[in-house]
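Should a chain be cited, it is by its letter among A, B, C and D, assigned in written order, with residues numbered from 1 in that chain.
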Amino acid sequence: MVNFCSDNVVGAAPEILAALAAVNEGAAMPYGDDEVTARLRDRFREVFETDCQVFPVATGTAANVLGLSVMTPPYGAIDCHRDSHINVDECGGPELYTGGAKLVALPGADAKLAAGPLAEVLAQGGAGVVHHVQPAAISLSQATEAGAVYRPEEVAAIAELARQHGLGLQMDGARFANAVAFLDCSPAEASWKAGVDVLAFGATKNGCLCAEAVVVFKPELAETLEYRRKRGGHLFSKMRFLSAQLEAYLADDLWLRLARQANAQAKALAQGLAALPGAELLHPVEANEIFVRLPGALAEALRARGFAFYDWPAGGPGAIRLIAAFNTPAEAVQAFLEAARAEAEAGQRQSA
Amino acid sequence: MVNFCSDNVVGAAPEILAALAAVNEGAAMPYGDDEVTARLRDRFREVFETDCQVFPVATGTAANVLGLSVMTPPYGAIDCHRDSHINVDECGGPELYTGGAKLVALPGADAKLAAGPLAEVLAQGGAGVVHHVQPAAISLSQATEAGAVYRPEEVAAIAELARQHGLGLQMDGARFANAVAFLDCSPAEASWKAGVDVLAFGATKNGCLCAEAVVVFKPELAETLEYRRKRGGHLFSKMRFLSAQLEAYLADDLWLRLARQANAQAKALAQGLAALPGAELLHPVEANEIFVRLPGALAEALRARGFAFYDWPAGGPGAIRLIAAFNTPAEAVQAFLEAARAEAEAGQRQSA
Amino acid sequence: MVNFCSDNVVGAAPEILAALAAVNEGAAMPYGDDEVTARLRDRFREVFETDCQVFPVATGTAANVLGLSVMTPPYGAIDCHRDSHINVDECGGPELYTGGAKLVALPGADAKLAAGPLAEVLAQGGAGVVHHVQPAAISLSQATEAGAVYRPEEVAAIAELARQHGLGLQMDGARFANAVAFLDCSPAEASWKAGVDVLAFGATKNGCLCAEAVVVFKPELAETLEYRRKRGGHLFSKMRFLSAQLEAYLADDLWLRLARQANAQAKALAQGLAALPGAELLHPVEANEIFVRLPGALAEALRARGFAFYDWPAGGPGAIRLIAAFNTPAEAVQAFLEAARAEAEAGQRQSA
Amino acid sequence: MVNFCSDNVVGAAPEILAALAAVNEGAAMPYGDDEVTARLRDRFREVFETDCQVFPVATGTAANVLGLSVMTPPYGAIDCHRDSHINVDECGGPELYTGGAKLVALPGADAKLAAGPLAEVLAQGGAGVVHHVQPAAISLSQATEAGAVYRPEEVAAIAELARQHGLGLQMDGARFANAVAFLDCSPAEASWKAGVDVLAFGATKNGCLCAEAVVVFKPELAETLEYRRKRGGHLFSKMRFLSAQLEAYLADDLWLRLARQANAQAKALAQGLAALPGAELLHPVEANEIFVRLPGALAEALRARGFAFYDWPAGGPGAIRLIAAFNTPAEAVQAFLEAARAEAEAGQRQSA
């Protein structure tokens, strides 16, 4: 069975698994006082070309909520897209870690926030009015939940708003690798140079077993993060096993290589599907996610042939989501497209 | 260098690492809807001989605080030993996950709670008085933070108190394997048969990379746990990698074999150290932790020879803590004891 | 100066003040164990014709958030109107008291939720999906923040949805008296008979100094409320002074008499303003709030004459909000309307 | 019946009630934007001889928890006496408002913390260790829960510790008036001049209906307090009624006059009881609370005669607590003492 449900249905890249074995021998001080983690911090500083602070954690939700928690007081508000992972898919995690802040769920095409509408929201945002939660942070998903990618200048425009209003800018980078691969820019350009304060640097979806990092670009925001990580239960005792995943992920640009593979297969899928009569892409395919409305009963027919993917009811009847992973074989994509073409033709004959 | 600082300074058992590679191939549905996790649930039910609910997580703090959160309302109180991990070493994690419950820190020899004093505390516990936090849970560490092990009848006496007062009974089993190995009883006898409602089943310290499980023996306590785990950021997307560790850990009683090895080396250490003139064990050595007061400058001398361990100021001058891990070599223990004997003799000659 | 800014800019009714003096003599046990509070509980049961539980508090926010807190777990969701007080004007109070629940902000004409759209929201509400906050409660404001009043059958239709989905139904009754006065129904019909589980029964705006009551119609929801009130800092030691306000408020239907006065003046204001050329009521005036768009610079001209009221930017240019209080004199209303007519005429002459 | 149970069993002073009526007329902007509150702020600055920030609230718990919340992060620790109101009698309020901080319950004679032992606690307080909650605040009750009064130099010694360790110093001044009356010093000397950062200035027990104030002596600690007060549900809409109580309370030193009356009657009670054969004062009587162990069945005999007071089990058999209020009549005290002498004699005859 070929499974396009998500990039988390696949396993880990062999390089990542090998790294676990490689650091297994010998004693290492726990909780991050080990050599692997020390090296990892340096490596992140190289990759991001700045003196950032790095906090490895095991899940994307942990990375997001910890990042938000250092910039948002309990009476604060976080502006985010209404489809964002933090708003929809973390079961109230941001609220837990901030002590009850409010997520302000905003619209926006392709699950993107745009500086223009956001400026209007902030202009009436209630800053200084005691009855209202106080604007504290903006959160962007890169790539977005609709598979689109913010251009650095788009991020910068939002960061400028954040600066004007005294807000933090957090980036949910669960698919940061896919975004950087698409943008073909430096990690720095996609993050702190565009004004991002804290990045949830994702790695699990793109080849790790369980590894993300909170990357903090403003030193003052890092001061309390280690206590928050600990009390959240996210400080690993055998930290070397988290750090080793990330170290291998960053080594020799493995992370970008894997992301490029995923993006390439996603692009192939998108082009193939878009060419089907009656099919329509719902969002630009810039990273590794494809949202497409298929005609008639095509989705069902493909599922009956053993392909797995999610229906996407928000996209209307026939809409589905496909995600290509770092190790999705080109053959699987071609098999899927051939099946789609065959079924589409059969469907047309039937309806003719 | 031989490192006795903790059982989390060592790596993982080879069987556990191998299990990660073994489950890496192919697609698996995320968030626990995979076959490995399904098998694991069955395996836990076999091992514990009851229809328990199992929630894998990556850290011991996560396992503790999630277990406590389902039995303690925000206005609740948790009775625990003042030296317990939840009170001292989780940076307020229980408070975060319960929404602000209070930990009532109680004394007790060898870091154990005893039913007698606990009954007195509960008799004046403020139940029903609106001004006071309401008694909600009792938490026991097995083995304790002083290396002692509760006998099933000790647990049962405390569980009877919990029942009388309508409290939940949580067990911090970060070293549950070491305790069961010492008791030579069944896991069921050490847990639910003695009245434990929720167990934090530890595995990281005893050979896993990062794997614990919240094991819930009362179905009604499990109902909300999955939401709490998710919003805490503890639901793994690639859950198979957590479950595989635990599956291998439970397979063929690996967990007990590893714990017996650690306990045996701890016993050897304890016996060797106790025989030194002027040395004194501070607590019974029943699991894999040794607390010992060494005469004069012996601790420093051993450290100078390259042995690593923690000072234990609470035990007075010269007190140290040693922990044997699942893979602590007998040779390392013997080398340490020989060095200790040599240094002790040298010390005596000097002071003579 | 005549002040129409809010019904909280006025003082207290003389009957309420007199009640404070009347209960001042002698000793009374604190924290609600006094005779006044005992009588008040009975009085509420008479007024609401059912065996409700009553918890006096001093503010409307306290009454709302405590009521919500007993029906909403930390991982829960509360469906409410996007303009509701709990969503906009309590600075995250519901989030604090629920431990981080999420308010789902919904649209709806006249700040009302309607059963139809709500049913759709609930149908996709994520119940049982671990990633999503779990639907837990629905909150209605009676009267609404736009001055409209839910008919009992409208409440009942929403209550039926709540029942189907296992949700609690909370009513923010900051202006419950005005709503009941408008509906000319019994308090029971406007609350529990229509399916309301917990009512924040407002009294401050309608003649008290500082008194509201959480009225709980489902006994099981009352069990933990007293602990939550205490830890929130809302349990008065000299409770008689809260209870006496509410007792006097309910005596001889004072509360309805005061509300009818406010509603009558609001109606007079609305009719007078609606008759002005170019003026437009933005919402039906059913309680004591008027939202009206005034032509040209009329609002400014009236303000220059010494009348106080709020601009209402959400209603567009020229929109204002006026609120009539329990003691707003008919003369003040007439003076305002005369001034408005005079200024409107002058404005027309100018533009002619 | 004469009731010595607490200083909250009595009503309000006539001056306070009169003040409510005096501010009732006319419109006043809500939420503290009124003239009474503006005057009150100035008055507090006069009384405390410094540019403090003042936040009126209705309960002592609210005043305490809000004060603590601005100096204690969620991962923080608050050092307090184990008998302190915040630790025992606020049902977890500090935990709620701080987002889950830990109260470190310390011993100390007469419910006082002393600088010496506190210095030791802080020396091992875990500052900077990620596993431990981080020392954030010290809280003192003035007068203490045992009726003792900190001397300014005692407070200053503790404040010096707070300064050294970077902690805030909060004072629970539920009986601050009684303490100042006893000390015969200025309010400034008893608070900020001794190093207090935030004072919960009590007034309810000493003659108000429901009025306390959070008085903040460090401007930076006041910045977020208004948002925390609002979301806690403690911002009064008709604020003038809170402020008027406090204004009258401070006018012409009414507060000190009332406190002196209470203290004087407490002293008379203490002296009379101490003279009884077999009676023993458990704590120095410095404010208005008396803790005394009475011989034999004396307590019961007095209760049978219609005097009300609390048993104090912590003081051993026969121990009771009496509290004199601002309006406790000298005759009531004398009647009580005469009854006590008569019953004591009768008791002695019986046992002879």
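Following the convention adopted for this analysis, contacts are C-beta pairs under 8 Å (C-beta built on N, C-alpha and C of every residue); 3 or more make two chains touch, one makes a residue touch a chain.
Because the structure is predicted, anything quoted here is derived from the model rather than measured.
Undergrad: Please identify the chain with the largest separation between its CA centroid and the CA centroid of subunit C.
TA: It is B whose centre lies farthest from that of subunit C.
Undergrad: Across the interfaces A-D and C-D, which one involves more C-beta pairs in contact?
TA: By number of C-beta pairs in contact, C-D is the larger.
Undergrad: What angle, rounded to the nearest 5°, describes the rotation that places the Cα atoms of subunit A on subunit C?
TA: 180
Undergrad: Using mean CA coordinates as chain centres, what's the gap between subunit A and subunit C in Å?
TA: 42
Undergrad: Whole-Å distance, subunit A centre to subunit D centre, using C-alpha means?
TA: 52
Undergrad: Please compute the C-alpha centroid of subunit C, do the same for subunit D, then give the distance between them in whole Å.
TA: 35
Undergrad: Of all residues in subunit C, which are in touch with two or more distinct other chains?
TA: Residues 74-75, 90-92, 95-96, 99-100, 130-131, 227, 230-231, 235 of subunit C each touch two or more of the other chains.
Undergrad: Could you list, by residue number, the parts of subunit C that touch subunit A in their complex?
TA: The contact residues of subunit C facing subunit A are 74-76, 88-92, 95-96, 98-103, 105, 124, 130-133, 313.
Undergrad: Would you mind writing out the residues of subunit D in touch with subunit C in their complex?
TA: Contacts found on subunit D: 1-3, 5-6, 8-12, 17, 20-21, 23-30, 57-66, 90-93, 95-97, 204-205, 209-210, 227, 230-238, 240-242, 308.
Undergrad: Quick check on the complex: what are the subunit B residues that touch subunit C?
TA: For this pair, the touching residues of subunit B are 31, 73-75, 99-100, 130-131, 134, 224, 226-228, 230-231, 235.
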